[in-house]
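In the two assemblies presented below, subunit A is common to both, partnered first by subunit B and then by subunit C.
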Partner chain A sequence: MATSSDKAYREYASYWAIVWEQFRKQRSSYWAMWLIFGLFALAIYAPVFSSSQPFVWRGSDGGLSFPWFSSLLFNRNVFENGVDLFFNLLLVLSPALLVSFLLIRTRARSMKVSDAARLHRQHLLFWNLIILAAFIGLMLTEPRTALPEYREFAAAGLESGFALFPPLRIHYEDTLHGVTGPGIVHVLGQDNAGRDIFVRLLYGTRVSLSIGVIAVSIYITIGIVLGSIAGYFGGRTDIVVVRLIEIFLCFPAFFLILTFIGFLDQPSIAWVMVIIGLIGWTGPARLVRGEFLRLRNIDFVAAARALGLSNTRIIFRHILPNAMGPVLVNATFGVASAVLIESTLSFLGFGDPTLPSWGRILAFGRSTSDTQMMLIAGFAIFVTVSAFNMAGEGIRDALDPKLRK
Partner chain B sequence: MERNFFSSVALTVVMFVFAVLVLFNTCQVNHLQEHVIASTNEVQTLQRAISRMQNEIESGAVGGRASSGRARSQSDDEQARFFAEDEWEALNRPGNLLVPATSSLWAEGAVDGGTLRRAFITDMPGLNPLTNNAADVSELYSYVSESLASQQRDDIERWTPGLAYRIEANDDFTEYRVFLKRGIRYHRASVDFSDPRYEWLQEEREVVADDFVFFLELAMNPQVDAAHLRNYYEDVEGIEVVNDHEFIVRWSESTYHSLVFTFGLSPMPRWLYGADEDGELYDEAEVGRRFNGHWFNQRAIGTGPYRFVRWQQGGSIILERNEDYHGERPPIERVEFQVIRDETGRLNNLRAGELDFTDIQPTQYRNEIVQGGTRGFETGELEHDTYQGLSYRYIGWNMDTPFFEDRRVRLAMTHAMNRQQMLDVNMEGLGRVISGPFFIDSEENDASIEPWPFDLERAAELLAEAGWEDLSGDGILERLVDGRPMRFEFRMMVYGHRPEFIAAMESYRNDLRRIGVRMTIQPVEWSIMLQRMYEKDFEAFTGGWVLSAALTDPYQIWHSSQADVPRGSNRVGFRNPEADELIERLRVTFDRDERIRMLHRFHAIVHEEQPYTFWFAPLEVAAWRSHLRNVNFSPVRPFDQSLSWFIQQ
Partner chain C sequence: MTQYILKRLLLMVPTFLLITLLVFVMINLAPGTAGQAASASGSEQADQSAAAREGYRLFKEQYNLDLPIILNFRFLLDEDNVMRHLEVVARNLSGTIPGEREAFAVGRTAAGVVADIVNEPFHALARELADPDLDPDERAALQRRQQEVGFRTIDPRRPPRPAQGAIFDSEERLEDWGHAIVPELLAISRSYVWIYRDDVDSPWLDGVGILAETLGLDPSTRSGSVEWRGENWRVHTTLTDKVRFLAVQRLSVNARRRVLIRDGERGTEEQRAANRMIVSENNRISQWTWSLGDSPERQQEILAEWEGWWEEASIRYERTGLQTLGSVFLDTRFAAYWANLARLDFGTSIRYRRPVMQVIGEHWMYSVYLSVMSLLLAYFISVPIGILAAVKQNTFADRGVGIALFVLYSLPSFFVATLAQTYLTPASPLDADSFIGKVINFFAVFPVSGFNSVEAIEVTTWELLTNTLWHMVLPVICLTYMSLAVLSRYARTGLLDVIRSDYIRTARAKGLSEWVVIMKHAVRNGMIPILTLLGTTLPVLIGGSIVIEYIFVIEGMGSLMIGSIFFRDYNVIMGILLLSSILTLVGILLSDISYALVDPRISFD
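Moving on to the complex of A and B:
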């Protein structure tokens, strides 16, 4: 039997159900969302398609080994940078994630709605912590093992051994000049350094998506905190924050980013994320502040205040969920623009030179006058940015009650 | 507005079609323009052919066909006509450091006349011969002015007369007695003579000994922005003028480079560069200050085979043949330099017939020539050639780091570098693998020393010998330094704007990883690279040196004293007592064979020690329209000077 609070929760949840229904009606946005999921899947499962390491290996000595699996997390000689490591972690944990999600969902069906929501939250938190802890642990320990040239052994012919490779036996840093062996096919050709363009593009998805998502998370977080404080408290706090926003808005964002990057000797991908994150927060901050100004005098807030709830609780539990709509829209567009900014930076030669970013591929194509390479990289950027923009438009329209169909 | 999936798709399709149409249109217009240019050229060619035929009919002569090739060799009698009788006799007297030229600028069947249009690649702030030391300005002056003597362009061992017909030196080469040719006049200054204030420039003046004194005064004047010259001439004690056509250059030390720089002296007319626009001479104290911004700096003057006519600001520089030239006149009558900074623009202009000659960049070489099929080269309308440039590329190993202090490690690094493959794949084959620091086509380079071969197994062996082994089993070599294992991980600084170098280093990195060495590629700006080299904050870098065909002096780059001076050029910290001794002796050795022996020994030392991994000597590429004939290149700068070229009309 449902209690009154459950009912309230249901009605609250049904707001998002309405939004979801509206969103599904926007066909192009709906498909763009699936495209984005597809891109994430590509990014996570890239090593399944191409890696220099065989899944299964039995050498002539008869010992069975699984180099591909250990290379994902425990060999920095294969995957050197953090972005790869993070996505590999997701790849390894994805079956467990899926199973645990399904289990929780079946369990939640028989529970009260509020309990189910709490369970979902805890579940999410649990996995976040696991992934974060594992990632930090791996980054700090930096495990390495020697790299036998499996492909050459395989190409030389295994008399008594056995090897099972991914469809493409190529790592994105391999410089293969005229090396052809079974399984070495260059789908989109090679660049001037002999690296496979398709494989670099595939792994470039990881760079672009992680830049987009992480940079945007950083600035949304900053924006929400500052915006809600300014909007909720008003007065002097508001003035300070708004002036800060105006100061940041005075400078053209891209030049600010270039200046920051210029200070760094070797800008790694993490720095690029942080810098984009530190620059972009003004937009969401203004949106959240506006929403807070609107909401802070509405009855439910007054009621919460009358109940003697703390400011933190009122801000984050009562007002913020109602102010999230515009931020969500801003975030989706933000991802698209972050991908573009990263591509531009890489194109200009800033950013981490060791990563196979799309902008870098584009720049390399331009400087070696390889038109095909430029077109391919440009197309990948175009598709991703468009997908995020289309999804953003869909969310915006779905949130707008005037456009309900 | 109602939006749905299909309208978005329709909009995208329409936009796409529109974009394609725009592209198509642009291509069409380009195509049309090219056609127009081509037809204009054809009409011009026809007109030229007609006028030539008329000439031939009138004169009754029949033109012989030109054959391209090297300049004809020339007999002494032909040379002698450029000198007065006593000068010619003195030129051939023993003790003279100069020898008569043996080749002619006129190839078999060369045609007199025509305009050569070529390109400058940089904008020039001015044309002052001392303060504007850009490569393009030097190239311009190689047409307009002359020095006392010059290397014969097809035989760089011969120093042939320029303004001097005789130069003698004392036993220890500290005193050079120079005899100038008589009657050499400066070109008439390219000023507007309708303006009466330039009346004083009407008179044609002769080159005299004092002009060289003035050159030295200017070069050594600290107010003049010519620091690069002061380095060369700081050891000159002075010039003593005997008479207008004879003077003595005194050097404070006996060094080999005194010879080259004495020969390289060129005159600066005091009556022009020491005077204001009305011909009034400046005060002695003011000369240097006025010289930097001298009113004549937008023009050029000299005594050379070509006369400076005018420089349309931002446009082309026009030279005309000096018909009164005291030496052999070149076949081409007019040379026009257009400033085109963009390499694609230069090639397009060449295609369109706006240029006759241009250099070609490696990527253009690959896309336009090697991959073939592009307009012009396949029809025979354009021709191209490669020639050996006077420079080399290398990887420098910081010998003050624990990685590269050991000779065996540096040798292993060289063995692990597949230089030939990098050249073929990344540099379009434009270069030759080298084993030492000297010009590959000179006698100074010991051709018997073979570059170390690519051999990963040998590299691994050498690293093991040097004490590097994989102690922790992580695939990366380690060595115990002060009881703690140090991994073989180093940074390679690469000049960031050359993708082909980065590409080559990518494959090097993969090869190194196979022998357990971890290299990180750091593409950096040139300024940052320099700064980090000065601060010795590097392990390895890709670099290049430009060579001189006239003088080989390893002191700057290889002497141990240069490793410790701030901003020294011995950036890798090469300190070898035997090499030091050789370098010091080379500076005071004047006997050619002895010098060659010593340079070969030096070459052998650096080959053994491998302070650098000598990478390759790049080949330069040039392309020209095929009516330009006898196009040849010299190892002397400027490599592509056109004096012996001619235009077949």
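Moving on to the complex of A and C:
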């Protein structure tokens, strides 16, 4: 039951609500955010648009089967690497995620702001754990069952058979030299090896976005932990961390990344993520340290200390939420630069050779003088990078109290 | 001010030490032995081809990879340590030697033969006991003695063949120990003598004689040997032969001396003379081996050669206590690394077979040309743009410039470079009939790649200069546009901060013209941040741009870095990394100092 005091709670606008309002006023950044969401949707739902497996298939024996669904997670013959599996997992779980999110939002409406925030936090944690556990389980198992070539059956026009395919009946590694059947359309043509360029670009979204998000999460986490420890405790801890930051700053980042890549026998995408993550942490660490130095002597922290709260609680629940603004800006720009670094690495030939990375597609177009392919791949990188940069600028301006409208 | 600079300089020392330490850790953590892939052999073939093996050994020696990492305790190694590893390798030797084959041909195992030898006292007592007319007391005493002697069983199975990894590890270890085990190897190679029928005066004379009769063999065949060691019988079967063979072979490698002049160095006259002597000694030493199954006489000859060598060389292997202690700390990779760094010696490049500094020296000028041109261009363009955007803040011009710079900033440089190389060179694929094709093809006159295309030696400086500049147009543009966006932004915000300040209002109030207000009063202070940025570009100057140099095939530092990574040329990688980190340190210092020099408001006290 909503009383007047509840209403007062509802009308109180939190800091992040104000920031959100400011952000929405900047049209270009706001649309860049939607573009990013769109890119994520493309990455997650890529198999819906293109897959070599039919949604529904009735063979000559008359039994119905659903090869597309089982190919997403339960058959490594189609999607082999972790990036694809992760996005497929999100694809499978996305309806449940949506329903659960809507339910929680309805419930949170009638709650106090702080309770609602806690509920959202728990909800987020719950789903994170579920996804993580499922992903680890998937990576540990490796189910493989032989797949019939549905496409060829369908192309042969079996009378007794029935198949419902995705709009594009192509997997990104399929080399279809001269194979043209009903439903096989190469939207942007094929590359020299006979692979479909459009489908590879589509799945390349997965590579770029996962590199950007995971590498940045790694270094933001390291940066937050080290920066907050240094800023909060000061003294010797601070000196050690600052020295460490100084040392890492002395190495040109791209050289260092290339050096680490040089140590690897077979650079996989996971290693690229880890390496970028291990090298980029100095930026957020400096930001967080600065914010902590500013905030640790402010009254609310003194009050928290006087209440006898533990250091961990003060750091993570009282100071850190106030220090997150600059980190968020840094992270958004960081995703853009991580996408750029990954595509540069794959352009130079240091990327994961099994993945359809945009940089690789560009390099392939360059080596085969396929200008159309080059242009499209470069444009995809440009759009993604500028969307993140634009969103980052929007967040930065929205966080700046001097620029409030 | 001087105090501040001194303080900063002193702070640089620990930072630099930590950086070098980090690089050292990185070299030694690098998975797989550095350069293994690139050194003529691969790790798989390393134990097959002798030449490849030797190349790999020299490589390790040159890069100090044969030394222990932090502490060197090799002076503690004794014969047993060496023996253990030699035996592991010997078990893997497939060649059978004649005696072995014969002994097994009669249907007895080597173990059985050895058991007979070892248990000969037991068997002798048993033969006595077999006499039916024996006195009971005597019989009891004999039985007691027989119990005391005991019957020893010898495992008839051959010892299992060691795993490939263990063999490789043992070989590697024996190789890495190098000079430290030369006396031990010499001792092993001469310590096991054959038991001949005439010169056997050991208690096993009878045993060996009986063995020979039973088998119908000449005991002088190399079917095995027996040696008394303290309280235990140590039985050497054919394995011993192989161990001795390996010991001599190892000796002929480990006793070689390090050459004084490395690849790509010249050295003085004296050094060269000494080097020649060492090389000739190494060559002689490498001949002194025998092959499995060579006659004992030949083996004795070679051992005699070694004895002769040892008389001269043993003085080199004698160490005082202090020297031993020193070697614990100084004869390590860690110490060698620092010693090399102190001489600015980053080792030798595997790819070029020359010192790293020399290789870097050949490449860095290209990067400097490129970077200096691009930097000058960037400053010349971005400062006016920044000023314009700041003066006309929030106008159409400001927004337009902002958007254009934003787009430039988000364009991947490898994409732009690839496009420029495709469309702005004579081989442009654009249709020459369309309007856009005509316009772009008009500019498609630039060379595709390279630093210059001057083939002839006799060109004038002017020709060389123009040719190089012509080649640099596209790379410099591609390198410039990205820093343009960053620099203009700095210039704009720097000027905006100043324009709002009071003294500018005062200048305007005095009635100065807008031009003078901006150019004379505002710009001088507003450009301080962008000026201090110059210091931090120092490493970029040398480091160059990896992508641009890769695409336009300019042999600068970026190309060197990429090539070294493909070749696993760790010394070059580490050299570049160390050099650029030093430059960054200096650059940060310079930019701080210049900040203080330009802006008197800043004090560091």
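Quick note on the criterion: the second predicted complex is superposed on the first by the 391 of 405 C-alpha atoms of A that agree within 3 Å, B and C clash if a C-alpha of one lies under 4 Å from a C-alpha of the other, contacts with A are read in each partner's own complex, and residues count from 1 in each chain.
Just so it is clear, contacts are C-beta pairs under 8 Å (C-beta built on N, C-alpha and C of every residue); 3 or more make two chains touch, one makes a residue touch a chain.
Since the structure is predicted, the reported quantities are computational estimates derived from the model, not experimental observations.
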| item | value |
| --- | --- |
| First, second, both or neither for A:Thr259, with subunit B first and subunit C second | second |
| Subunit B versus subunit C as contact partner of A:Arg24, first or second or both or neither | neither |
| Partner chain(s) touched by A:Arg107 [first = subunit B, second = subunit C, both, neither] | neither |
| Which partner reaches more residues of subunit A (counting touched residues only), subunit B or subunit C | C |
| Contacts of A:Phe350 with subunit B and subunit C, given as first, second, both or neither | second |
| Which of subunit B and subunit C A:Arg305 touches, first, second, both or neither | neither |
| First, second, both or neither for A:Ser369, with subunit B first and subunit C second | both |
| Which superposed partner A:Arg294 touches (first subunit B, second subunit C, both, neither) | neither |
| Overlap of subunit C and subunit B interfaces on subunit A (superposed complexes) | 369, 390 |
| Subunit A-facing residues of subunit B, complex | 3-5, 8-9, 363-364, 366-367, 421, 425-426, 470, 473-476, 496-497, 499-500, 502-504, 506-507, 509-510, 513-514, 516, 520-523 |
| Contacting residues of subunit C [partner subunit A, same complex] | 14-15, 18-19, 22, 26, 29-32, 406-407, 409-412, 414-415, 418-419, 422, 429, 539-540, 543, 546-547, 550, 561-562, 564-565, 568, 570, 573-574, 576-577, 580-581, 584-585, 588 |
| Partner subunit B, residues of subunit A touching it in the complex | 26-28, 31, 77, 143-147, 149, 173-175, 177, 191-195, 266, 349, 353-354, 364, 367-369, 390, 397 |
| In the complex with subunit C, residue positions of subunit A that touch it | 243, 246-247, 249-252, 254-256, 258-259, 261-265, 336, 340, 343-344, 347-348, 350, 359, 362, 366, 369, 371, 374-375, 378, 381-382, 385-386, 389-390, 393 |
